[in-house]
Every structure is written in structure tokens, then in C-alpha cells.
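The structure under discussion appears below in the form of C-alpha cells.
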Amino acid sequence: MQGAPVACITLFLAAIMLTAPCHAQSSQGSDPDEARIQDVITASHILTNEGILDSFGHISTRSAKNPDHFFMPRAMPPALVSRADIVEVSLDCKPVSPDAPRLNGERYIHCEVYKARNDVQSVIHTHDLAVIPFSIAGIPLKPVLAQAGFLPPETPLFEVREANASEKKRGMLVLNTILGDALAKKLGANPVILMRGHGDTVVGGSVREATVRTIYTHIDAQAQSAAMALSPKITVLDNAELETNAAENFDADRPWQNYKQRLPAGQ
Amino acid sequence: MQGAPVACITLFLAAIMLTAPCHAQSSQGSDPDEARIQDVITASHILTNEGILDSFGHISTRSAKNPDHFFMPRAMPPALVSRADIVEVSLDCKPVSPDAPRLNGERYIHCEVYKARNDVQSVIHTHDLAVIPFSIAGIPLKPVLAQAGFLPPETPLFEVREANASEKKRGMLVLNTILGDALAKKLGANPVILMRGHGDTVVGGSVREATVRTIYTHIDAQAQSAAMALSPKITVLDNAELETNAAENFDADRPWQNYKQRLPAGQ
Amino acid sequence: MQGAPVACITLFLAAIMLTAPCHAQSSQGSDPDEARIQDVITASHILTNEGILDSFGHISTRSAKNPDHFFMPRAMPPALVSRADIVEVSLDCKPVSPDAPRLNGERYIHCEVYKARNDVQSVIHTHDLAVIPFSIAGIPLKPVLAQAGFLPPETPLFEVREANASEKKRGMLVLNTILGDALAKKLGANPVILMRGHGDTVVGGSVREATVRTIYTHIDAQAQSAAMALSPKITVLDNAELETNAAENFDADRPWQNYKQRLPAGQ
Amino acid sequence: MQGAPVACITLFLAAIMLTAPCHAQSSQGSDPDEARIQDVITASHILTNEGILDSFGHISTRSAKNPDHFFMPRAMPPALVSRADIVEVSLDCKPVSPDAPRLNGERYIHCEVYKARNDVQSVIHTHDLAVIPFSIAGIPLKPVLAQAGFLPPETPLFEVREANASEKKRGMLVLNTILGDALAKKLGANPVILMRGHGDTVVGGSVREATVRTIYTHIDAQAQSAAMALSPKITVLDNAELETNAAENFDADRPWQNYKQRLPAGQ
């Protein structure tokens, strides 16, 4: 009989611990940026798990509370991003907090795209091996898949040499405002821009949309490469299909849930 | 002291719940549709695990009890399909139950194929990346593997533009009876049809047969792509081989058991 | 003090259980076929784990005690092969025991190769997707890797139509003595033969040697395919290199240990 | 009753053994070679996990205490390398200890490169399947990726026939001083050399730098192969980009941490 009170207390404590995350989550409801930040963390893990992000690359979200700020992880491998690694940055590309950890050198991609595009709520930069061949072979990436209807007839290409011809040291990375601004201009109103020998930058109205666009850009590139190996002449989505496709197709939530459940336990 | 009887009751209820699936399974013997539904669930997991289904795509089985009905999962990633997600649908593409969850927009693929093909007991729609290149490069998929003898000399291709030329909004997806009927007509008596820039649809006399056909269509496409990269001139199965192959080869149970055992524990 | 005898008995029983496998293994020493059979089981799992065997394909070993017998698994996916599945077969391709389970229809590959080749102690038949493209594109597989020096300048190709032209039903599988004999004749003194649209058959002086040869045939095929995609003109191993390579290179034990340790726990 | 003290002593000894590695690690601080050796072990596991090392290939580090010595694992699959497997070798390619286990036959790669290159602190030899096609197709590997700026405009190729033309038995492996010296001469001041039909050798100022260079050589080769499949004319990094890239880009620690965290638990 003496075991019963002990058993009850144990069950009670277990119940508290199991519901603790729920308590935490319900307090997120008061901070619209917290859900966006959680998505940045999840997206970093999803895109790593899908082989699109490796040691480099980064995902950010605009702040819902302050559109002149955005959140991105400190400089680190995306696979390891956790809540403590998220830094609030202003559009002048400086961290809001003076104690912030070191940021990615290529944060200018994010800053300049957010400045140029009021519609954009999330920016993703990858070194996706599926798109790099298009960027260096001079072959335009085209929408060939039903799920890639968000792509324009030809995805723009950022050739960094066009932007840094006057620089003394001409590199490959977008490490300052001038290069970030040139990238944003070349991106224009598009959802994706390829970066020669480097990867791509993808934007969206939410982290989830940008993430799913990143994955379908990847799959579309794989499909186009494989098709062109069979024949140089391929059928791509025409204008009517591109126009209808957006209404027909892009619910980012179903793929997001699918890629999230593919994550190893604990991520 | 009164906690002990409460704890006992809780443990008893938990034991009932844990053994409930066993009770359910032993009652399947009396419902011929239950085994078919279990195969739909397993096939959804198998084709996801083999990289053929991703966030989209769906598998269905005709009802054994009522050939004018079929069962398919609600609109959701195939990897997550469980018993509670299965919906009974009639051939008019409406769910039998008024409380049914949301169905896949492309259920018309299943409805129209079941209407057109009395022999078909299972329909599978995928976005298989191995077949899409053939569908957009205008290269016919041909049987090159000993295990692909169920394929016709050239697998038919559904070009959706031939079916929706008159529609105001021309999309890529099979979202209504007209498009589903056009697909079924193009499929004819074949086991597989490619869908341009979209994927394929595979049919069979059982879920297991359709699943194994889906996998060998996938492998055959990989083999043909790789062979054509070596030489444009390849040897394909001739008519005699295709005729003999069915008798020689297609026991779906051995591959089914193999792909099932490859599933992660718990699926 | 009463806990001590209980603890001792527990430790004693645990020690017995932990050493039980050792007892079993030490009794293998008296049966030279048992080690060979264990290698057949391990090889089945290795080649499945390396993606070379799928639902089909099989590995056998000649009996050390009776060279007119060999051991192979019953008809089943190689991934699932265990000791209870091993069947002793005579070179007339009939199981030695009347109660034997069903054998693979293509056991004639093994029977006829063992008859034709006294040196061969192990035969492996796979549906390796890496070699099938060569078999249907009419491009000879050549030794391009330092570890593939066991391959001849051009690996022979078995075109089943040359052997079954007179058969009423011409299929793709080696299901009888005539076809097995034709395959063995085409194999000649070589270590590997490709089988058009089907896969390959690899032989060796032991299960370990045959297994490692199977894997390096696979990697060599991958390397040659990728090289020919860059340029039609490739450098292959010349005669002097092929001659030296055997002495320089083929210790099957190191790769065997490597592929064995890659197996998931429990296999 | 006497079992209790024996059990206690056993538990005490077990506790000592389990904490022994901790004792060992805390004493590493005084031995500058111990950290380098740990990196050799980690790098062996990283490169195996990334599919670049298989049953063969090896990693070494020069001794910090004695630059005429280096450390490499005994002849074994890299996946299994542990502390007990590390052997100290002198630049005459003989093990320092007379009781040393058997070394890799190709240790001459390491000895001769360390002799020729005072700057090199780590040597890695792989059978990387991504680079072998370039080595046999006569297509030079070029830097196409932003992260591959450490590569020269064309990576040198070691054609072993140019070094062993006079040998009676001409093989593929670097099994003596003459061949190792020829390789080192061909490597010159470069970070990487391809080895025809064999793989590559990569050097660096540390194990971490050499490891990350090995991985980016691999990815660069994949990108160049895929790009050339789209078009023979590709954009490569120009001289200004190569010059800037070193300063802009090569912090080996971030990729090292990323690849290390990708290792399965326990490695």
C-alpha cells in the first residue's frame, strides 16, 4: 500500500514533463517571430537532411514585428542550428545586439534581398550541387516539373564578375552591400537566382514556402539534367501552365510536413 | 491508499489499448477489403522508402466487396499513411462517407482508370524522378530488363495538353473527370503510362503487383537512361521475350517481401 | 549477504550465454563446409547492403567435402538469408534432401559453372544495375581501376538469344541445363560474364574472392560509365598491368572485412 | 558470502577501465602529436562516412615533435581505424618500432611527399570514384566551385607508366621509393594530384585542411562532370578568383565540424 502514493507522484511529475513543451509552445503564440524562428531551425535541418545544404548555406526569416530586421543563424553548419544560435540582424547587415556571435560573411545576400523585395519574408542561400552545373555550363534552368511552376521560363543567373569587375580582389562570395545589391537586382521579381559556380538563392513569402521552393528547384534541376542527357530537345512548362500552376499547386504545407517527418528523431 | 485501485484500472485500460490492434487484425479474416487496405498502407511506405513517392503521389485499391468503390488515403504525404487515413470513394470520385477528410485533387486518375479497366484492382500514381526525363525528352520508355517484361514495347505517354486544349486554365494536374478519362484512354490496356513533366500511373491486378511493377518501371528507366548514355543503340526485350517473360517472371510476392523487410522498424 | 549467491549465479549464467556462440563456432572447425556456408550468408547480406543484390540474385559455394555438391539459399530475397535457408544441391541441380525447400529457378547458372570450372569454389549471380547498361548498349566492360585487374581486357557477354533460338518460348532467364551450359561456355576461363538485360555472374576461388570481385566489377563499371561520359577515349589497364595486378592487389580479406563491418548491427 | 568482495573488486576494476580513456585524453595536452593522431582517426571515419574512402586509402600526419617521422594507420580499412592502429613511421618508410604491425604497401606516397614538401603536414590517399573518371578520360580537373579555389587551373595527373616503364613488372600501385618520388615530383607545389585509374593524393598544412580539401576536390569533380554533361564549354574560376579565394574561403574548421557531426554515434 505504501507504493501507491509514490506511483501517483511519479505519474504526476511525468505528466508535467510531457506537457512542458506544450506549455512552452503556447507561450509562443504571443510572439509572432518565434514561430518563424522555429521554422528557420527546422528548415536548416530539413535542407541538410535532403542533401541541399552542407557545411555552408543559410536560411533567414524577416521579422514579423519589425520588417527592417531579420533572423538568421550565426556562422555555423546548418545541421547544428538551434534556438541559441539565432541572431537578430538589421537591414544594414549589423547584428542588433552588440554581444551577437559571428555572422555569416554572406549575410549581405539576405540584407539586400529584403531591402529590394518587400514581399519576401524568407531568404535561403544554398550550394546545391544539382543547380551548380547549370550555373557554369551556361544552360538556363527551366521549369520542367508540375511542382516547379513557380520558376520563371528561365531562372536568372548571377555572374559575380559582372558586379565586381572594378574590385581589386575579385572573389566568388557576396561579402558586401555592393555585391548583395547586384544579386538582388539580378533576382528582380523572381523566386530563385542561380549563382555561378556557387549555388543559388531562393526567396518566399514564408520560410516554409522558400524551403519547399528550394527543394523543388533542386528536383527540377535533376529532372532537366537527366532529360537533356537523353535528348537536347525537351518539353518545358508553357506560359499557360506556369500561370495555372501557382493556383493549382503550391501548398507548401504538405511537402513541409513530409520533409519534416523525414528528419532523424530529435531534430 | 486509494491510488492503488486507480492505478490498477489505468494499467488494465492500457493493456486493452495495446492489444486492440491484435484484436483488429484477427477480425480481418472476415473482411476481404481489410487485407487490401493494409497493402495500400504498406505500399505507401515501401514506395516512399524506395525513393519513388515523395510528398505527393498515391496508391489505391478497388474494393473486393463492391467493385464500384475503391480505397485511397486522404490528401497527405504517403510516408505517413495509416489505417485511420484510408477513405472509401465511389467511382464518381466522391467519398462514400459525408464526414470523409479531404481527398487528393488527382483522385480522378484512380476513378477513371477503375471505370475503364475492369481488370485493374490497384492504381498507383507517382512523381518518379527516374521516368520524368523520358516524359519530357520525347524518348519512349522501353523494356530493357528481364524483370520489366510486363512493359509494352513503348510505354504510352500522356501529354495533358492534348486533353485540356479547350480549357481556360491549362494546368498539369489531373483534377477532373475529363482529364482522368483522357489519361485512361491513353493508358488503354497497358500497365503503365508516363505523364509528361509529372510522373507516371501504374496499374495491377493487386496492390502488390502494382507496387512491384512501379518499382521495376523505375529500375528499367534507370537502366535505359544509363545505357543510352553509353550508346544510342540499345538492345531491348523482343516480342518473344515479352511474351515468355510474364510466365517466367512475375511473382510479385518475393520482391514485395524484400521491399517490406527494407522498411525501417515500426512501419 | 543473501544477495551474493544470487548475484554469483546470475553472472555465471550470463557468462555461459555470452560464450555460447563461441562454443557453436568452435564446433564448426570440424566441418569445413560450415565456414563456407557462413560466408554465403554474410555475402548475401553484404551484397544487398552495397546495393548490388536486390530481391533476386544468389550466392553459392562448392562443398569442400564433396566437390559434386554445392550450397545455396532457397528461393528468397538475399537480404533475409539465414542458416536455415541453405540447401545442399548436387551438380545435376537437384537438392540432395527430398524435403528441401524450393530452389531458385536460375540454379542452373551455378550447376553448369561448377561443372565447367573445377577451379571455381563460389558463384554469384546479380542484377547489378551498374553493369546492365554495358550489357544492352553493346559497350564492352573493361578494367579501368587498379582494383579491377582481375577483369579480362573485355568481359564476355552472354546474349541469351544465341542459346535459345530454337526454344519455343524464348525467355531471359537461365532456367535449364542447356542455357546454363551455354553461359558457362561463354564464361570460359573468365572471372565475370555479363548477361544482357539481366545482370552478371561472377566466380571465384572462395566466397570472399567472388564477393569482392562482384563489388569491384560494380565499381569498375561505374568508373567506366562516368569516364565515357567525359570522353569516348579512355585509358584502360594494359596487359602488363593486368598481369602484375593479380600479384600486387588481390587480398580479398581486407575489403571483405570492410564490407562486413558496414552491415547493420545484427546481420 | 565470499562472492561479495570479489564482485566489489570486479566492479572497481571495470570502473578504472571505463575511465581510462578520460585519463588518457587529459594527458594529450602535453603531447602535440596526440591531437594530430586523433584527427587522423576522425578523418579516416569522416572520409569513409562521406563515401570517399572505401576498403583502401589512408591518411597520415607529420609528427610535430619530429618532422622526419609521420603517423599513419596500419594496413586496414579506414573505417575501423582506432588509436591502437596508429604506427609511427620514419621518412625512409620503415616503422619506428620493430614490433609495428603491417603497414600499407603504398606508404611510399606519404614518405616521398613529406620528403619533397616541407610545408605539408598531412597526406591523404583515396580511391575517390568522383575523380577517377577524369584520370582515365584525359580531361583535366578544374576548379569550378567557390569552395575549390585551392585547386590549380588544372590538377596534375600521375600516369604511373611514365615512372615504371623500365620495371619488369609494371603495376598500378605506388609500392616503392622510385614511384613515390615520381608522384611527389609530379605533385610539385600543388595541393592535389590525380592518379590514373587509381584515385588521388591530397596534401595540406594540417589533417583538417587536407581532409576538407579532399572533400571539396570530390564535390568539384562531381560538379564539373555534371556541368560537362550539359555543355562542353564551362566557366571555371579565373586567376583573380583563385588568388582571392584562399583568403576569402578556406577555414577548414567549419566543414570539419560539419562532417564530424555527420558521423554515426560512437565514431
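Letters A, B, C and D mark the chains as written, and numbering starts fresh at 1 in each.
The definition used in the following text is that contacts are C-beta pairs under 8 Å (C-beta built on N, C-alpha and C of every residue); 3 or more make two chains touch, one makes a residue touch a chain.
Bear in mind the structure is a predicted one, so any value in this text is a computation, not a measurement.
Undergrad: With touch defined as above, tell me whether chain C and chain D contact each other through largely the same residue numbers, more than half shared, or through different ones.
TA: Different: when the shared numbers are divided by all numbers used, the fraction is under half.
Undergrad: Please identify the chain with the largest separation between its CA centroid and the CA centroid of chain A.
TA: Of all the other chains, the one whose centre lies farthest from chain A is C.
Undergrad: Please report how many Å separate the Cα centroid of chain B from that of chain C, as a whole number.
TA: Chain centroid spacing, chain B to chain C, equals 33 Å.
Undergrad: So how far apart, in whole Å, are chain B and chain D when each is placed at the average of its C-alpha atoms?
TA: 46
Undergrad: Using the touch definition from the top, which residues of chain C touch two or more other chains?
TA: In chain C, the residues touching two or more other chains are 228-229.
Undergrad: Mapping chain-to-chain touches, which pattern fits: line, ring, star, complete or other?
TA: Here the contact pattern is a ring, one closed loop where every chain has two partners.
Undergrad: Using the contact rule from the top, write out all pairs of chains that touch.
TA: Going through each pair of chains, those in contact are A-B, A-D, B-C, C-D.
Undergrad: Considering the complex alone, what residue numbers of chain A touch chain B?
TA: Touch residues, chain A against chain B: 1, 3-5, 7-8, 11, 144-147, 149, 219, 222-223, 226-231, 233-238, 240-241, 243-245, 247-249, 254-255, 257-259, 261-262.
Undergrad: Using the touch definition up top, name the residues of chain B that touch chain A in the complex.
TA: So the residues of chain B touching chain A come out as 1-4, 7, 54-56, 75-77, 79-80, 105, 127, 129, 132-134, 136-139, 159, 161, 169-173, 175, 196-199, 225, 228-229.
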